[in-house]
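In the two complexes below, chain A is the common chain; its partner is chain B in one and chain C in the other.
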Partner chain A sequence: MSDQGEAVVAAVAAVADRLEAERSYLTDLDSAIGDADHGGNMARGWAAAAEAVADMADPEPGDVVKTAGKTLLSEVGGASGPLYGGSLVFASPELADGLTAETAVAFAETYLEKVQDRGDARIGDKTMVDALVPAVHTFKKSVEVDEMTPVEGLSKAVAAAERGVDFTVPIRASKGRASYLGWRSVGHQDPGATSTLYIMEELLGVARERLDVTEPLPDDAESPTVPDGEVTED
Partner chain B sequence: MKKLINDPDDVVDEMLDGMVAAYPDQVRRLPDTKVLVRADAPVDGKVGIVSGGGSGHEPTHAGYLGAGMLDGAAAGEVFTSPTADELEELVAAADSGEGVLMVIKNYEGDVMNFETAGEMVEMEGTDVAEVVVDDDVAVEDSLYTSGRRGVCGTILVHKAAGAKAAEGADLAEVQRVAQKVVDNVGTMGMALTSCVTPEKGEPTFDLPEDEIELGIGIHGEPGVERTDVMSADEITEELTGAVLDDLDLDEGQEVLTIVNGMGGTPQMELFVVNRKLQELLGEHGLETWDAWVGDYMTSLDMEGCSITVCAVDDELKELLGASAETPALTVK
Partner chain C sequence: MVGLVVVSHSATAAEGIAEVAGEMGGDTRIEPVGGDGQGGFGTVADGIEDALDEADSGDGVVVLVDLGSAVMNAEVAIETSDVKAVIADAPVLEGAVNAAVAATSSKATVESVREQAEAARGVEKL
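Our next item is the complex of A and B:
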């Protein structure tokens, strides 16, 4: 198993542990404005994903992500299965050449694109997109423009996601089941944005532990690298 | 609450095995899935038609498997969308190489899981098209949907698309006629009682003895209006009026109608409703080309009905009247 593959397996396990720990909190958030199954669904789905990736023989990062996504698709169901799992499956080919700064940004962008496309949600609809959009944009800018390491960029992205979660509290839902409540959804934190933040926090934790962020990164496929040459923001 | 079940967790599994046992020449089950396909799927040279959704709407969906209608149907848990991996197997099993049309009812979980499955199968080289049915005129948005819900009109989409595919039409043509039905059909339903899901074992919502719910979907989700009990004729007027307002048909237009039972209503009452429905259509200057009465898309044991009206032209008449042979619907 490659170091990177191992790191991604560890990240899936960390997410599973975290979501199990947050299970009842997420369900409480969901019972206020949804159908009270988000905590259970996510905990169950990620536990199965962790189990599935732990059993993989010699996995590479893209394969691990794809397997985790497929498992979420079959275990979570509802709308969360396609949003969390399907998006992982579709973004996983971006990691085919391993985990680098470039592939990490491409992965994040594809993941976001798929979530938005599938859920047809924009910023301000009170969904996971409110956490994801600022996070992905921040990650891309940190890595490509500010030339931070991916781990530093991810740390910025987590902070942005946190602000995104806070942003969901005062606004009115216009997508998903919460939208049926109209103004009654105001004042409640979105469970999807919240679980998205938890997932990112765990990725960051594992990245910090497993990937060297203090030293300048060598330019090889086994380690995250900042892209060289000029970077344009599109 | 008394039910003919063993364990709520096994209901869907055991139902599917029972269906296969009832129609062994017509349907078979894909191993380790909740997907049923027609016995001879995939049919060589024919576009595949698949559908699916939560269980509890029997005979929808697997009841419409067979010549002239569906090639495959996925059953989710009760009132829950099938998962994307099951739908992926469904689409793959229906593809003979000519592509597959996915008929999706507009419920968020269904749409997202079907689309995810469709994209995954496309990555493997299968042509996939979709049509999203949103015939329920009662609501613009609901607890489960952005936009109108997909309900009993879906059966007509299965029928028209199935007939077109049986003629040997290509995927784009099959999708076109499916969409044509969607564009010309409207439905509105009502409940006299709530349904009882196997899991919960008690009514999903509380509906007092002297009240009815208008504009319900097929999952016991809230309707648009709760009113005092009315006579069959008054209820028929309410439902028909809402559908016809939405469709806004010209005088002399030919229509196919469905009076659909929600699972707990006797045929006697459905025919009483149909009698009034046909009278009302006459008053509106509409001509009934065909009238279907029965349980087509149910909501477990809910008492109530829905009324569907579909405007038909020569093309749709030919497709909706074409022969079909399925467990739940036979047209000769």
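Our next item is the complex of A and C:
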């Protein structure tokens, strides 16, 4: 097993443990504005994913992510299956050459693109997108513009996701089950944004411990392309 | 013949809707699918993909869905399935009844059945 493959397997296990620990909290958040199944669905799905990837022979990062995503897709159900699992499957080919600063950014962007495409949500709709968009944009900017290592960039991204989660509290939902509640959704933290933050925190923890992706982009790498207006200062 | 798949968060609701639509649908194959696969409410892409296979007799399938995740899981199922299938943007029960009737036409195609399902959006009840 490659070190990187092993690290990604460890990351899936860490996410599974965390979501099991947060099961009731996520369910409480979801019972306020949704159908109270987010904690249970995520804990069950990621536990199955951790089991599936632990059984893989010689896994590489992209294969591990794909297997985890496929398992989530069949185990999680609800909207979280396609959004979390389907997007992992869709973005997994970006890691075909292993984990580098470039592939990590490409993976994050493709994952975000699929989540937005599938869920049709934008910033301010009170969904996981409110945590994911600032996180992915911050990660890209940190790595490509500020020339941080991917692990440092991920740490900035986690902080951005945290602010995104806080941002979901005062706003009114306009996507997903919570949107049926209208103004009654105001004042409640979005469960999807919250679980997205937990997943990222666990990725950061494992990356800090196990990944040797400490080098910034090499000088001879293609110059960073930052789409106009997409990356904002946080 | 074009087949139908009815997706609901509740397996019971999906079965009931398929029953109502079946009253009008003659030989149309109507496959209900619903629930999270663990005995609870929800929708799962795998189950929908199996239903697509069951409903298809070679001419494709029109999928009727209820809320939120039913749409996303149906999209995933269609992407991974070999069956030619489309989602109708229609109220699930009225759309299923319309689609079942439309499917009985000898000239029915996936597109014509979807169109009839979507015509149910404009049905007024009062």
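Going forward, the second predicted complex is superposed on the first by the 211 of 234 C-alpha atoms of A that agree within 3 Å, B and C clash if a C-alpha of one lies under 4 Å from a C-alpha of the other, contacts with A are read in each partner's own complex, and residues count from 1 in each chain.
The rule is simple: a residue touches a chain if its C-beta (ideal position, glycine included) is under 8 Å from a C-beta of that chain, and two chains touch if they have at least 3 such contacts.
What you are looking at is a predicted structure, and each value in this text was computed from that prediction instead of being measured.
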Query raised in the report: Given the superposition on chain A, are chain B and chain C in a clash or a fit?
Result: clash
Report task. Give one of first, second, both or neither to describe whether A:Gly119 is in contact with chain B, with chain C, with both, or with none. Result -> both
Query raised in the report: Which partner reaches more residues of chain A, chain B or chain C?
Result: B
Report task. Would you sort A:Arg177 into first (chain B), second (chain C), both or neither based on which partner it touches? Result -> both
Query raised in the report: Is A:His137 in contact with chain B, with chain C, with both, or with neither (first, second, both, neither)?
Result: neither
Query raised in the report: Once the shared chain is lined up, is A:Asp37 touching chain B (first), chain C (second), both, or neither of them?
Result: second
Report task. Mind working out whether A:Arg208 is in touch with chain B, chain C, both or neither, as first, second, both or neither? Result -> neither
Requested in this report: Tell me which partner A:Gly78 touches in the superposition: chain B (first), chain C (second), both or neither.
Outcome: both
Query - Superposed model, chain B segment overlapping chain C, candidates 182-190, 200-208 or 272-280 - result: 182-190
Report summary line: Shared chain A footprint, chain B vs chain C, residue numbers 73-74, 77-79, 81-83, 86, 118-119, 176-177
Query - chain A residues within the chain C interface of the complex - result: 35, 37, 41, 44, 73-74, 77-83, 86, 118-119, 176-177
Query raised in the report: In the complex formed with chain B, which residues of chain A make contact?
Result: 70, 73-79, 81-83, 85-86, 89-90, 118-120, 175-177, 179-180
Requested in this report: Could you please specify the touching residues of chain B with respect to chain A in the complex?
Outcome: 76-77, 80-86, 108-109, 112-113, 115-116, 119-120, 141-144, 146
Query - Complex interface listing, chain C residues touching chain A - result: 36-38, 40-46, 67-69, 72-73, 75-76
